[in-house]
Every structure is written in structure tokens, then in C-alpha cells.
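Per-chain residue numbering starts at 1, and chain names A, B, C and D are given in the order in which the chains are listed.
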Amino acid sequence: MTAATAEAPPRQGQRLTAVADLKQPGISEGDNAMIVVMQAGSQESHIDAVLERLGEHGLRGHLVRGEERTVIGVVGAAIPATLKEELEHFVGVKETVRITQPYKLVSRELRPQDTVVDVRGAKVGGGSLVVIAGPCSVESEEQIMASARAVREAGATMLRGGAFKPRSSPYTFRGMGEHGLQLLAQAREETGLPIVTEVMTPNDVDLVARYADVLQIGARNMQNYQLLEEVGRTGLPVLLKRGLSATIEEWLLSAEYVMAQGNPNVILCERGIRTFETATRNTMDLNAVAVAKRRTHLPVIADPSHGTGKWYLVPPLALASIASGADGIIIEVHPDPDRAKSDGGQSLNPENFAALMPRLAAVAAAVGRSA
Amino acid sequence: MTAATAEAPPRQGQRLTAVADLKQPGISEGDNAMIVVMQAGSQESHIDAVLERLGEHGLRGHLVRGEERTVIGVVGAAIPATLKEELEHFVGVKETVRITQPYKLVSRELRPQDTVVDVRGAKVGGGSLVVIAGPCSVESEEQIMASARAVREAGATMLRGGAFKPRSSPYTFRGMGEHGLQLLAQAREETGLPIVTEVMTPNDVDLVARYADVLQIGARNMQNYQLLEEVGRTGLPVLLKRGLSATIEEWLLSAEYVMAQGNPNVILCERGIRTFETATRNTMDLNAVAVAKRRTHLPVIADPSHGTGKWYLVPPLALASIASGADGIIIEVHPDPDRAKSDGGQSLNPENFAALMPRLAAVAAAVGRSA
Amino acid sequence: MTAATAEAPPRQGQRLTAVADLKQPGISEGDNAMIVVMQAGSQESHIDAVLERLGEHGLRGHLVRGEERTVIGVVGAAIPATLKEELEHFVGVKETVRITQPYKLVSRELRPQDTVVDVRGAKVGGGSLVVIAGPCSVESEEQIMASARAVREAGATMLRGGAFKPRSSPYTFRGMGEHGLQLLAQAREETGLPIVTEVMTPNDVDLVARYADVLQIGARNMQNYQLLEEVGRTGLPVLLKRGLSATIEEWLLSAEYVMAQGNPNVILCERGIRTFETATRNTMDLNAVAVAKRRTHLPVIADPSHGTGKWYLVPPLALASIASGADGIIIEVHPDPDRAKSDGGQSLNPENFAALMPRLAAVAAAVGRSA
Amino acid sequence: MTAATAEAPPRQGQRLTAVADLKQPGISEGDNAMIVVMQAGSQESHIDAVLERLGEHGLRGHLVRGEERTVIGVVGAAIPATLKEELEHFVGVKETVRITQPYKLVSRELRPQDTVVDVRGAKVGGGSLVVIAGPCSVESEEQIMASARAVREAGATMLRGGAFKPRSSPYTFRGMGEHGLQLLAQAREETGLPIVTEVMTPNDVDLVARYADVLQIGARNMQNYQLLEEVGRTGLPVLLKRGLSATIEEWLLSAEYVMAQGNPNVILCERGIRTFETATRNTMDLNAVAVAKRRTHLPVIADPSHGTGKWYLVPPLALASIASGADGIIIEVHPDPDRAKSDGGQSLNPENFAALMPRLAAVAAAVGRSA
């Protein structure tokens, strides 16, 4: 796919499947392109109207004429984002097609080599295996300390735990707030594990940033743009969950919001999408892990707890996530899942988590990545 | 949108919203088009390889060059259906885009005026309102005769009823078979209503065609191609339900299968698609009615019984279907829904059906169509 | 379904389809219920463990024993929201099922009669037809004044226009901010139309509330809970759009967040959901309008501009929305859609909007509602 | 979860995650259960009507009374499949809930130990790793022989190849028919690989069964019930692909159709579902692999070629499939994908396939299964 020195046109025989082979050194950001397809039998005056409008934007249209249909191509870095919509409804226009991705900073075309996010010395991306574990919510000192010790002992890289919880119903437990953050800091103090915790609203960013090592943006907030910009401004690592029904492109555009504030430390997280299937809470989309690894240089992790919603499905999907190319997983572990205030049904207990860890390492090794 | 005499380029002021205005007299089937977008920085040898392959197919590529990226346009009637896939994986190719629809006979571009399907004198399409009503399944002589009389009395145009039923489970009632067809014929005899009934497998087509006035293809069989071709060969009117997760394009392609056998009598039927929403059995997609009316000349009806799955949602959605432009509806009516062998929960009883009919006529009149 | 005086058990013959007939006077909020299904062959000790846990919550389980399987029923107002998850993973438990809706204040069981939201004298809900129209974004004084005059002249009830715009990409137009709000106020001054405008983040609520008559919560923010509570506290009417992939239940729970702040003035808005279909921007879910009208007393409107994404599909779907029972529509109208900074492709021009208004009134009259 | 000898109620500490631990020896097929939830404030006469109807079916309802709401439980093997719908619309009934799965023969509750399907000595299920590989379609003697040799050499277990192809458009290549079957048999002759090939219509079953070792049912035909019964009657192994939008329950019910004909040799195949995501052809649902392995004793394989639609995503998803618990994969391999008549874009070339095989074996070993 790259072959900077190849002379003869290579075909599939030369295709390589490792991500490393997809890197294209020396490729700059590149142009955008748009195609305007005229209707069969459209008139010259219709074509002229399109060309004229392109001219108003400083662009030049190139005509490709068939026997009955004409297509107008436009190539250039300066195509406005709205031009597609603008031309779509001109008389005589059948369709317009925008070709290139609307994101830049997150693109592997711009930066071929993997970004490695450093979290207090732990590396996310670039070949290592990261395991972030802990309870859905911080519920008490006893609970979070027990969780932290258990996941530390089993070999986790970081501790997760929510102090602010988004809940569909206003009548359910919504987290301990700042006191929860203090307990997380205390757990870090004792175990040395960096902490990952969610921030839900721009006003809380400063507060949460005083405690957290990684700021988590939840699925429901993936398109909360003010929040994305606010966490972007902190410069702290950001764990960006994919929205429930967000396309991969939208997910990368949300990462672009964070990076556009000058913060390169974004970790993408696939956590299941909403589909017609009701046997599981969500549908884990591991295609998306592989696609994201190819399109962007950012690290990608997976959340099999939310991706499945059932504790007994977490181990097989955690293993599958690593095999699909994820740089790590984030996983819910609770010392007593049956009594958890939230997400108990999808949390592993410490024994099952400890049993999973060597299996994760074995799969990581099998796909050539260090545990 | 066409304005064969307009000189100045018309803009949105000239847009008209009635379907009639979308007709474009004198437009032939037209060309297809495809676009090959090269990667930024792709080499001349890569471009040459694409051009060479196009040449093998007798096609000529037109280059549109930007500063860093090149796009290749192809226009012509003879683009093979698989060319997009073929070129997509050439080295140096970023993306290929096929522009034009893969169907022909069903397209309004080919035939601007509405097709009107004649069913024993009843007209489907072209401005009238058709109401097809009756039970999900034929269960007994008494039940089908009672149904037929009730819907006839309320003003229905045709009688529906299944003799062969597709059921998810092998352990549920699957229809009365040929005896059910005989009972339908008897009901037609008495009431004069044409009958619509499903055929599920190619081997049954001859049998069902001996009794039915309209052959129904169920949602699960929308892509049962042998069956489509078999009903196509009968020349009888075919009611083609949209598949549970079929795109509008796939639905029209299935209609193309029937028409390709020389049978122009296809009635499309939107009956709800599968989405994440679980409050209703399916999600009625009335966008699809409006899109189909625009893209094809074939009549389009809607099935609010399957589209909602709840009897109390049938009336509002039946009214909405007509308002969205449907040429009619097909609706489940049972003399005693609580004791129906299938679909009782989504069937209207005769009283509620009779109450609905004048409301349908009122909405049809409000949107300019004869009841 | 109500029949407070009926003695004999009524069956479907008594079913009535008008929403009015669904009202059940004198019904209080009612209990919740939960069912715990044990596995076939589960042991007595497993059953005891469930009963014991129920006892810890002050609940009593009722056993229903079959030959091989036992089911435990729980009925009571005080069932904790998390009990389902808690019990789901007990040994010997096959499944738990929560029966009743988790929302209260929005429920028609609690309040049978329609809520009518008063917006400067305009009534939303209760039988009238509301039309909110205007551009996607406020772009300039000239543009918003032209829009306001045009929609006023055609008979719109309120003016819409965005000053703060959520956009997938950080590189596109994001609204004029407070200056946009001032222009909206100026348009209200001249035309007398109340204004509807979006607020995107809690910090902006005070600012937007100084100008707006109705605070709009966009689809992407349907589960931005801090924002919901903040707009709840203002007491102003809130137009709550359904999220792209939100279930009807989640949508109503978000309305519950607003109402739980003491603000009863919530207007629900269906605006299309995300499905597999790509021919339209979204899939308009008119089932959801009918379901919401049945489950809640709040007014429900529909947005065919976002629901379809194509201007030429807006008229049929606007008509269908009213026929399905919506209390009104919100619709994008721009004086020059081809040059709109956002959503031009789905905006009507003033001529097409003016042509639509009498057709809306005709359908409203046909379904028994005043225009 | 079973613990036949445990006395104290075990909690999550005893949970085990390996499939083997889910087996429950001695559990018979068990009862079904249904719950009828009355509305708050429903009358005694309404309750009596439900009890009376249950009595007509020979069932007894058990009342669970709360302060304001009553719930009726029914447990028994003989609950008719339609009873849920039947009662749902009784006056005073709020909701009915069916608890237990409608399938029997495929259920792991009925048969705890893994089914192993024997295909000419190759074992599918029970811990081994099966790799079925070959082109989408048989195109020529040269192509299928080259394919067979290549996949044989790389270590594949069986050869796939279509002689009858379902295609969305009537204008594309639809397979070589019986001549294709003869070429497959010739390839088996030379390489010893058993052959897997699709049958599309009941009339072709006898023909295809004369050549094939495994009869494949494609995704579009998952609910073609006559076809399912016909392949059931052959007794040959059946590879049953999950439908594009089929729930896991529907997929298992289709397997039930085959087994109900006395044919226990069913191999389930997850091949991607249709979702809103357009970056990939389908969304591979590996949750479904893990769920199916838990619910049924049948072997489950995965098809990453159709599940992703892009050759470069096949290797990571093939590895992920095995890690998620699949018993094997089916994968498209073509000697010259760029010139394939169908599915070229998702086919691996022989080099990439050969490179994948040892990686699959490594992951299989890592998750404790023999390559």
C-alpha cells in the first residue's frame, strides 16, 4: 500500500496486513475532493451554474463527460465543509459526494506512527497491553480500597472508578462527587495505580482534573463539545468513549475536538453500540477497533463490561478485544458485585478478574504484543 | 427539477414538491458513473495501473488532478457492477464511489409516469386509495367469511388472509394450506373482493396463483430470488413487502427481479424495519414511502399492523401512511382478535376498523387523493 | 380499557382508539412489580437466598411453583431501581424482569389529562396545531428578519433559530452566540413570534433564558443531565428532542429529569432516529409519536427536517406527523437554502413552506384538531 | 451456577467463566412461565376474565397482590406460544411477559455437553479449531483448483465455494450451478478437503446434497423455513448463517427447524449484522458467539470476511473470533482477489491467508483449544 520505492504497480500480492505496513512516511495532510454528479440529460446552463458557484469559492471544477451524463470533479485543500450540501440541491444535480475525511489531526495519513500516551509512566499505545480495572462507582472508602488492592494484586495498570455517574433515571445513585475523588486519590496513594475517572460537565473539569490522571468522557457525552474542548485545554490524558450510536467517523471527529485544543493525549475506547439485538446490553463492535487502529495514530482500548452488560461475557470479549488489536481494556471489577450500587451485573469479582489476567497476557503474546 | 425550456439556471425558488413535478419527460436510462480517488501522494504508476484496468473493460478514465491528490472519473453505460470492488484495493487507491442506482426497470428516471396495477378492476397507484384488510391467517370458514363480510361492509378494496404462514418457531400454527386458499376463493365469490395471499416457496407458486389475485411476498422472503423470479413469471400482481432490514435500494432491486421477468405489476409495501426501539414490534419507516414514491413509478402501500405490532397504534399510523403519500394500506382485521391464532395483538376488530375507514378517507381527501 | 363502571369483563369490542379514551381518572401512581424466574431444577437454598435478599429491602416475595420451575413475584412501590440487576446474578436465578416504567411525573397513569404548555399565549398540546419554523442557524440580521417575516406571513406559531450550534466537526460554523440571541429578540419584537432556541451547556442557560421563550435541548444533549436539571430550574418551557438512538423510555426519563426540578412545561420532539437506512439522514419514527401520546400527558411535536434530511421529503412527513397525532411540527425554513451556513439541504424556502401550511391545516382538520 | 451438592446459597464467589462450568447435568427441559401484569386499580372482574381464559387452556394463574396492583403468574410446560399476545389486550391488563426460550432441541438446558459435528472425519465443535477457506464463488476449474491447493497447503480444514449465489441485483454473476458443484467435487478428490457450499432453494437440495459435505444456508435464507426443513431431512451437516438482522433467539429457532427434522448436525455461523455503521460492510457481533456458546450445545463458527467486508480487517477479526470462543472460522480466499467475480474486496490472497494460519493457531492455543 505504500512502497515508496516501488516502480511497477504493486497488486494484492504486496498487500500486508500489519498496521505497521500502513504507515506512509512523508505524506502530508493532502487535499480534499468532491464530486458533483449531474442528472442524465442535464443542461449546459445547469453545469454552468455549478461551475460558477465553485468559482465563488475559489475552486475549479473539472468536467468528465459521458454520452448522456456529466460529472464535475473538484480537488483542493480549501473545499468548505458545507459545499456538499450547498450544491446538492442545484437544479440538474443528481448527487454530490464528499470523498475525504473531515478530520485531520487524528488521522494516520497526517501522522503515521503510533501515539503513545504516557500516564504517570504507564504507556498506552505502541505495543503494550494496558488493563484499567475497578468498580463502576466509588461507593465507600472500604469498597474502593478493596477494589484497588485487588486489581493491583492481579496486575492491573490503572484504577477506574466513577465519582460522578450519568444515570438514565433521576431517581438512582449518581455518585459521591468530590469525596469520591478524594477516595480515588487515597487509593492511588496506597497502590501507586494511576486513576481514571469520568467528568460529566464543563464546570467540573477543573475539580476532576485536580485528582484524576486520566479524564474519562462517557458515551453519552461524546458529542458534548464544550466538555471536549474543556478537557482538551487541561492537557491531561483523555479517555474518549464512543457514543452509543456514533459512527467511527463521528468518534474520530470528537477526538479531533480535543486535539484541536493542543492536547495530543487522547485514548479512544470502544464500548459497544446500540443495535436491534436485546440479548446483550450493547453490541461490542470490534470491527471498529481494527478500523480505528488503521485510520488514526491514537491508542484504542475496549470496554467489554459495557460492551456486553453481562459479567459472564466479559472474559471472552476481553480476550477478543486484545486479539482484534486493541491496546488494552477497561473492565469493571467490584469486591461484591451482587451488592454494587450500579452495574453489578456486568462486574467481575476479584477472583474472576485474577483468573482472566494471565489469559489476557497469553492472547497478547500470541498476537505479538507485550503484556 | 427539469425545466426543459429554462435558460437561466433555476435555483430553489423553482423547486416543486409534488411527485408529478419530478417527472422528466424524454430522459433515457442514462449512464452510470464511478469515481476512483487516489491517495494523497500516490505514484504515477498507481494511476497507470487503474487506467490500464479500466481499459481492459473498454472504459476510459478521466484524470482530475489536484496539488497532491488525483481523482479518476469514469462515465458510461457499461460499467460492470463489480468494478467498484475490483478497483477498491489497488495500491494507491484510497476509495471508489459508485454513483448511480443499480436498478433500471423500476426507476422513475426510466418511466416518469405512475404505474397503475389493475386487480380485477381495482386500481392500485395513480391517485386512488386502496385498503386491503382481513385476518393474518385463514383459520376456518366461519372466521374468513365473517372477516370478508365485515371488511367489505366497512368499504375495504381487497381481502387479505394467509394460508401459508412463515413463523419463527417450528412449533406454532403455520396455516391451513390449500384448504385456506379454497376458503379465500369462497369469500371472494360471496363478497366480490379480490384476494391477497402470501406464497412462501417457489414450488407453491402455481398452486397459490390458481386462487390468488395478488401474490404476496413476505418480508422474510424479500431476497428469496428464485421465488421472486417465479412470481415474476406468473404475470400476476405481486405485493412485495420490504425486508426487516432491507435498505430502500435493496427493496427496489428485489422489485427489479420481478420486473426483469416481464411482470410490471409490482406493488411495494413498507411494513416496518428493525431498529433498536423495543416499545413497538417494528419501526414504521414512512420516510421510505416518500423516497420510494420519488425513485420509482411503482405503487407503494403501507402495513401499519406489522409496522407497529399493537392494535391501538394502527389507526394513527394508518392515517400517517396515507398522509405521507402511500397509495393505500394493508391492515389486519379479525372478528375476534383475542382468539386469533396469530397476530391477534395487532389486529383491529371490525368495529374499530369500521371507525377508521372514514378517517382514512378524510385524510386522503386532505392530501388530494380520492378515497 | 378503562370502563370504571363495567361489571362484565369487557373484551376487544370495548376497545376505543382515541387517546381521550385511554385516560383513567382516579388512578394513583401505582406499584412497581418485579419477577424473578428461577432455573428449572434450582434448589430451595437458592430460592431462600433470593427471599432473604428481598427481606433486606423490606420486600416480600411470593412464590409461584410449577412442576420444575419456580417464579418469585414482588409487588410494591418501594422496589429499588437496581434490584433487577442485583438479583439477576444470584445462583439459580434464570432471569429477572422489571415490569413497570421507571418514570412517574411524566406518566399518563399519574396525570390522565393532557398538559398544555403556554408559550406567550400560544398553546402547545390539548388539540391545537403548532408550527415552529425558521432557519437552522441565525446567520445575520437580514437573514433572521427575512425568515421571521416569511414564516409569520405563512402562519407559523413560533420562530426557531440557533445561536449556539452543535457540530460534529470543530472546523464548521458554530453559531453567532449572544449576538444571535439579540437578533432573535429583535425578530420577536417585530413579528410577535415567540422564539425557540437551543442551549448546549449548563453555563449558557442563564444567558439563553434571558432571550428565549422556549429552551431547546438538542438530540445530542438528551442525556446531558446537568443541562436538563439547569433548564428544569428556569421554569421556562423546554423543547426536548429525542436522542439519535434513545428509546422512548429513555426520552421520557430525560423529561422526568426536567420535571423533577418542578418544571412541568416540557414539549417532547421526535426528530428521527439512527437506523441502517442511508437513503435518508435519519428515520422518522412516527410510531414514537403515537406511543408517547399514549404514555405521557406531555405534548409531542415532530421535526421532519432532521427526521428526513432532504427538503423534498419534509412536506409528506410533516403531513404524516400531524396525522399520527403530533401536536405540531418544527421545521427548517431559510430565505435562501442554497446559501445556508448549515442544513440548507433540508430547509424549505418560503414559497414551499407557504404552500405546505394549508395542507397541514387540512390534515389537522381531517384528524379532528384545530389548525 | 449449578452446584448440585451445594447447600448454602452460593454467590458470585462461585461463579465460573469457562463454558464447561455452565453445564448443568440432570436438568430436564423445564417449564415455561408467563406473567400477566394488571394495571394499577384494575377490577376484580378483569382479573377473573384472565383467570377464566387461562382455565380454558388448562392453566392455573397464581395471584400476587400488591397494594394497588396485581400480578398473575403462570408456570407450566403447556403454555401455548400465542398466549402472550392473546392476553396482552384484555381490559385491565398492562403487560404480559413470556419468560422462557421458545426453542428446545438446540438448548444447552436440554443437552449440556457440546455437540461435535463430524464432517468426513473433521470435527466441528468440542475444542478443536476449524478453518473453512476458499473463494466466494466457483469461477472456473483453474480458479477452484488453485484455491483448493492453496488453502490445503496453508492448513485449512475444509474448502468453501459457491455454485449458486444470492445477489441483490439480477444483473450480476449468480454462480456456475451444477458445473460448479462438479468442480468442487473434483477439488475434493484431489485435495481431500470436505466441501461446504450454499443451497438456496428447496428444489436444489437434492442436487447440492449429492456433492456437498456441508450444506450452507445463507444469511438471506435464515428464515426460509421450507429450505430449513428440506436440509434438515437430508441428515447432512448444515452450516446455518445468522440473518443480517436476526436476533440470537431467531437464529436458534431456525436451527430448531433443522433439528426438528431429526438432523442434529447444525453448525451456527455468525457473519455480521446490519447496524448504522457504514465504515464496514456489517458489524461483526462477537457477543453473539459467546452468547450462543452459552445457550446452545451446537458448534459456533464466525465469518470475518462477510463480517467486515474488507480484506485488511479479516485477520484481526478472525483472531478475535477465536478468542471469543468460536469453534472455527470460515474465510474467503481467492488466488487473485482483484479479479474475483464477487467479494474480491473481502477476500484474502493465498499469501495473506498462509500468514494468518499460524497466528490463528497461536491464539487458539492461548485460549486453550487445539489448532
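Rule of thumb we're sticking to: contacts are C-beta pairs under 8 Å (C-beta built on N, C-alpha and C of every residue); 3 or more make two chains touch, one makes a residue touch a chain.
Remember, predicted model here, so these are calculated numbers, not experimental data.
Relative to chain C, the most remote chain by averaged C-alpha coordinates is D.
Rounded to whole angstrom units, the spacing between the C-alpha centres of chain A and chain D is 30. Here the spacing of chain C and chain D, counted between their Cα centres, is 37 Å. In chain C, the residues touching two or more other chains are 11-12, 15, 89-90, 245, 274-276, 278, 311, 337-338. Interchain contacts join each chain to each other chain, per the touch definition above.
Residues 11-13, 15-17, 22, 245, 247-249, 273, 275-280, 283-291, 293-294, 307-308, 311-313, 315-317, 319-325, 336-338, 349, 351-352, 355-356, 359, 362-363, 365-367 of chain D touch chain A in their complex.
For chain C in complex with chain A, the residues that touch the partner chain are 81-82, 85-86, 88-90, 102-103, 166-174, 200-203, 220-221, 223-227, 244-245, 250, 253-254, 256-257, 260, 274, 311, 337-345.
Taken together, the chain B residues at the contact with chain A in this complex read 1-3, 6-12, 14-15, 24, 26-31, 33, 35, 37, 39-41, 43, 45-46, 48-49, 62, 64-71, 73-77, 89-92, 94-95, 97, 99-100, 109, 245, 274-276, 278.
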